[in-house]
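Here subunit A shows up in two complexes: once beside subunit B, once beside subunit C.
Let's turn to the complex of A and B:
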């Protein structure tokens, strides 16, 4: 308790203008920034995977399994920042057992479980079933038993059985696309439905969240594909990379248009909160919104991706361009989540002043915890890649 | 009958035990209220609907209400946690508006506005608005915050998971996270008092009767008379929350 009081006294000295006395504490910290960021990566990665499966974009096939595993790795971690943030984490399961159905947050548990268990796990299992069965029969020792359990002790991999797997898998993916939209659109609704907060309250919020999710997820899988290829010392399929880059550009243009529309709408309407929001954008969010999110995280990657579309660029130059665009995109989308979550709490609901937020290095909601929560899914992904090699199909190993 | 000392002590001990148990039972009346049984048997929850009036022209900004509330409800003493607070507004000649609420007004407003050109000045007490359509209740993922049948919004401390969604959803800044209990906390309209026929602490101590409370279902109640006799406004009416905290003499600068 002393720690929070110490921080609050520090904040008190930095309050600008008038805020309600209870508003000095900023309630949703960096952990709640991570939550939409991570869920967005999941939804985006899944949508990239479904490009191949549902929309028949064969060029992105080398990333299909990688995208699914990425989605799973990040989805497993997605509820963690939320639970750590709770005042009473031991009561977290009440959200599932005794949900209050009018609450957008209460539904998250169900959307999450639906997406994790029904969509992602089933789809990955069906896709890997043949590999698992082969491994269960060829591996030795404890690994053999693990793979046998994963195969659910059913080893039928006749062409008919595999065809059925494929059919069901396709059906699951078709359900998966709207589910991915639901997962992240719903996260947007958690913020967009708060009428008390004019920075959040917007019907565009869920749509913006969906498209920004696609942007971040596609960028992430693109980067992972490049990095994994370098680590494995295999040639990057430029046709695949170009296609991913193209879809990234499309998603980005829609996302940026929506966000611009939202901003224009706010400027034109200029409602009671506009004065405070304009000060927020030009003041406290100046660097994270205008410079990091819009300039570096949106305009630069869109320009890089567009150049590749407009003029012929050599593959040796295209690769670093894609890599830079991907990295900047992730930074930009993270900044976008930051600006929504933290930005939405910096101004007073009296619209007369601002509080402040200082990211601590250590502590429950510090930078180290956040960094650990970002690194954890990468480790899980490495384990998943080890257990379920996603490259078997195309390299014929 | 003759008792030796040992037998006497045995019987006396039993009496003490029974007496003590009865006392514990009495103390547990509050628990009984939580369990759905009325604290006061004469209190009829269905015939009550609580409303609260604030007369801005009367408030002198002494801050006694803030102090009384903190003491009555064990609100943490630090200047970041308030179930009620008082804001001071000063309108300058050029139309500029100055607002402050140092320590929620608990220590009063001893310092004067340095600016001489003040044309208008008033104090505005604030509490939870006990809305008819409370956004905090709507968003609570586990139903830990709820509205009682007699119109008071409360928090179940044993159920709240501390997600703070309700704090985000409240347009009035009426909620905070209790730094020790890690649950959401806010004005309960002194529910433990009003259901016993007592006044909320803030109303009780107000020296100028700027705060009144009463039953909206009773046409002869003080609050009903207050509503009927005056021009009344509520905070942020455009949000559709329908507050049951009614202000008399509210200036346009008050949000």
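Let's turn to the complex of A and C:
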């Protein structure tokens, strides 16, 4: 008992004011920050890809396949933070077997499988089928068998077959856009629907999540496009980059307006939780919210992108501007997820006290795991690019 | 019809894979859903039995009264009358059953008193709080206060 009291007493050092015992330790760690961050990247990248396919924005064509592969690489990793956090992979499937309409969390598996298998994989497959068939016929050894299997041992690439592929591909993309909204809107819904938490509970949450997803996904594909072009030593298509930059700006402005609306609403409403939330914003979240998310991660990139729209900037300067805007955007959106997930657990439901989140370095929920989960999709993307060169089409036509 | 079978053969194969996936899911669902699922509600019935299987740890204040009548009576007239014995002494069911064998803690550190009595602006104003740096620092609280009858 003395031991318990000593430990409890130590914990009190992390706490300010009054807090209930089960609120001292945060239950949702950095891994749960990563989950909306990664799914957001997926949804955003997909929406960028669909710009070309559905909305006929031809300028972004060079990034179409890259965006799809990026979405796939990150989507494959998306459930991993959740599974690692829960720590029972052997039971993870049970939530899928026994869904219930009263629990939004159980729906994740279905939203995920739908999006991964029905939308993304099918769309990529249809788009790449011609390449796969050609590779299945030209490659040798093991790779030949892999491509053959991927072609489902059906090698018809007659114009009719390809036309059919294209039609269905377009249809899948059209289903895909609302699905991408669903995927990330759903993640926002998980937070927005928690009525006991005033920092989360807001019907705007899913909408904010969708737009921030678009922002982060577009920024990511833009960065990957620039980096891959540098690595391949090819010229960046400035027309394409400018178009992406423009859409990034649009999405950003909507996203920022929505978030500001949310804040103004909270300030004006000033409900019983507001005192605690105001202290949270000016105290514990001062750096991550005001400085990183709003100033560095939102206002600076919006300014950079607007400058390019307003005055003529030379391409040599535009490129680093896009690059830094993209980097800052990703940092800013990560900070936004952080502020939502971690911020929402820092204050007591009594609204009279706060706790502290200590990020550990190693360990299941530590910084290292998080870093690995961010690097992993990049490696997967490299493998995907190797297996399905996204550039063939662009040089072939 | 413009398209012939060989033009959508691969699509039919894709569809077959999709249906196969649905089938695998249904079979897996039938195999892996825990047997006791849904017995009482939308959860695994066995989880109730598993929780019932845990040994109880707390005895409750009434149990202590039987053997520690004096302390009990003293405390019930004191300022600490609202506290349960096990709040300070820890879970004591096993001690209650076999007092000679199962030792129980006599909490000695003043951290115990800290937990409830250190000054904290969000506590009710009328709750007795002392500044531990000023209120007889360095001395044992128990030298002047009896924990079962603190005043």
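The rule is simple: the second predicted complex is superposed on the first by the 382 of 397 C-alpha atoms of A that agree within 3 Å, B and C clash if a C-alpha of one lies under 4 Å from a C-alpha of the other, contacts with A are read in each partner's own complex, and residues count from 1 in each chain.
Simple rule for what comes next: contacts are C-beta pairs under 8 Å (C-beta built on N, C-alpha and C of every residue); 3 or more make two chains touch, one makes a residue touch a chain.
What you see is a predicted model; the values in this text were computed from it and never measured.
After superposition onto subunit A, the partners subunit B and subunit C occupy overlapping space and clash. Of the two partner chains placed by superposition, only subunit B is touched by A:92; subunit C is not.
After overlaying the two complexes on the shared chain, residue contacts for A:352 are found with subunit B and with subunit C alike.
Once chain A of one complex is fitted onto chain A of the other, the partner contacts of A:8 extend to both subunit B and subunit C. Of the two partner chains, neither subunit B nor subunit C is touched by A:389. Looking at the shared chain after the overlay, A:366 reaches neither subunit B nor subunit C. Of the two partner chains placed around the shared chain by superposition, subunit C is the only one that A:154 touches, whereas subunit B remains out of contact.
Within the superposed three-chain model, A:195 lies in touch with subunit B and out of touch with subunit C [touch as defined at top].
By the touch criterion defined above, A:104 lies against subunit B but remains apart from subunit C after alignment on the C-alpha atoms of chain A. Between subunit B and subunit C, the partner in contact with more residues of subunit A is B. By the touch criterion stated above, A:22 is placed in contact with subunit B alone, subunit C being left untouched.
When the two complexes are superposed on chain A, the residues of subunit A that touch both subunit B and subunit C are 1, 4-5, 8-9, 12, 18, 94, 98, 100, 102, 350, 352.
Looking at the complex, you find that subunit A touches subunit B at residues 1, 4-5, 8-9, 12, 18-25, 27-28, 82, 85-89, 91-92, 94-95, 98-100, 102-106, 108, 190, 194-197, 345, 348-352.
Within the complex, the subunit C residues that touch subunit A are 2-4, 6-11, 13-14, 17-18, 21, 25, 28-29, 32-34, 37, 42, 88-90, 105, 107-109, 111-112, 114-115, 120-123.
Remark: subunit B residues 78-82, 85, 87, 97, 99-101, 103-104, 126, 135, 138-143, 159-165, 167-177, 179-183, 239-240, 255 touch subunit A in the complex.
Taken in their complex, subunit A has these residues touching subunit C: 1-2, 4-6, 8-9, 12, 17-18, 93-94, 96-98, 100, 102, 117-118, 122, 125, 129, 151-154, 156, 158, 160-161, 164-165, 168, 350, 352-353.
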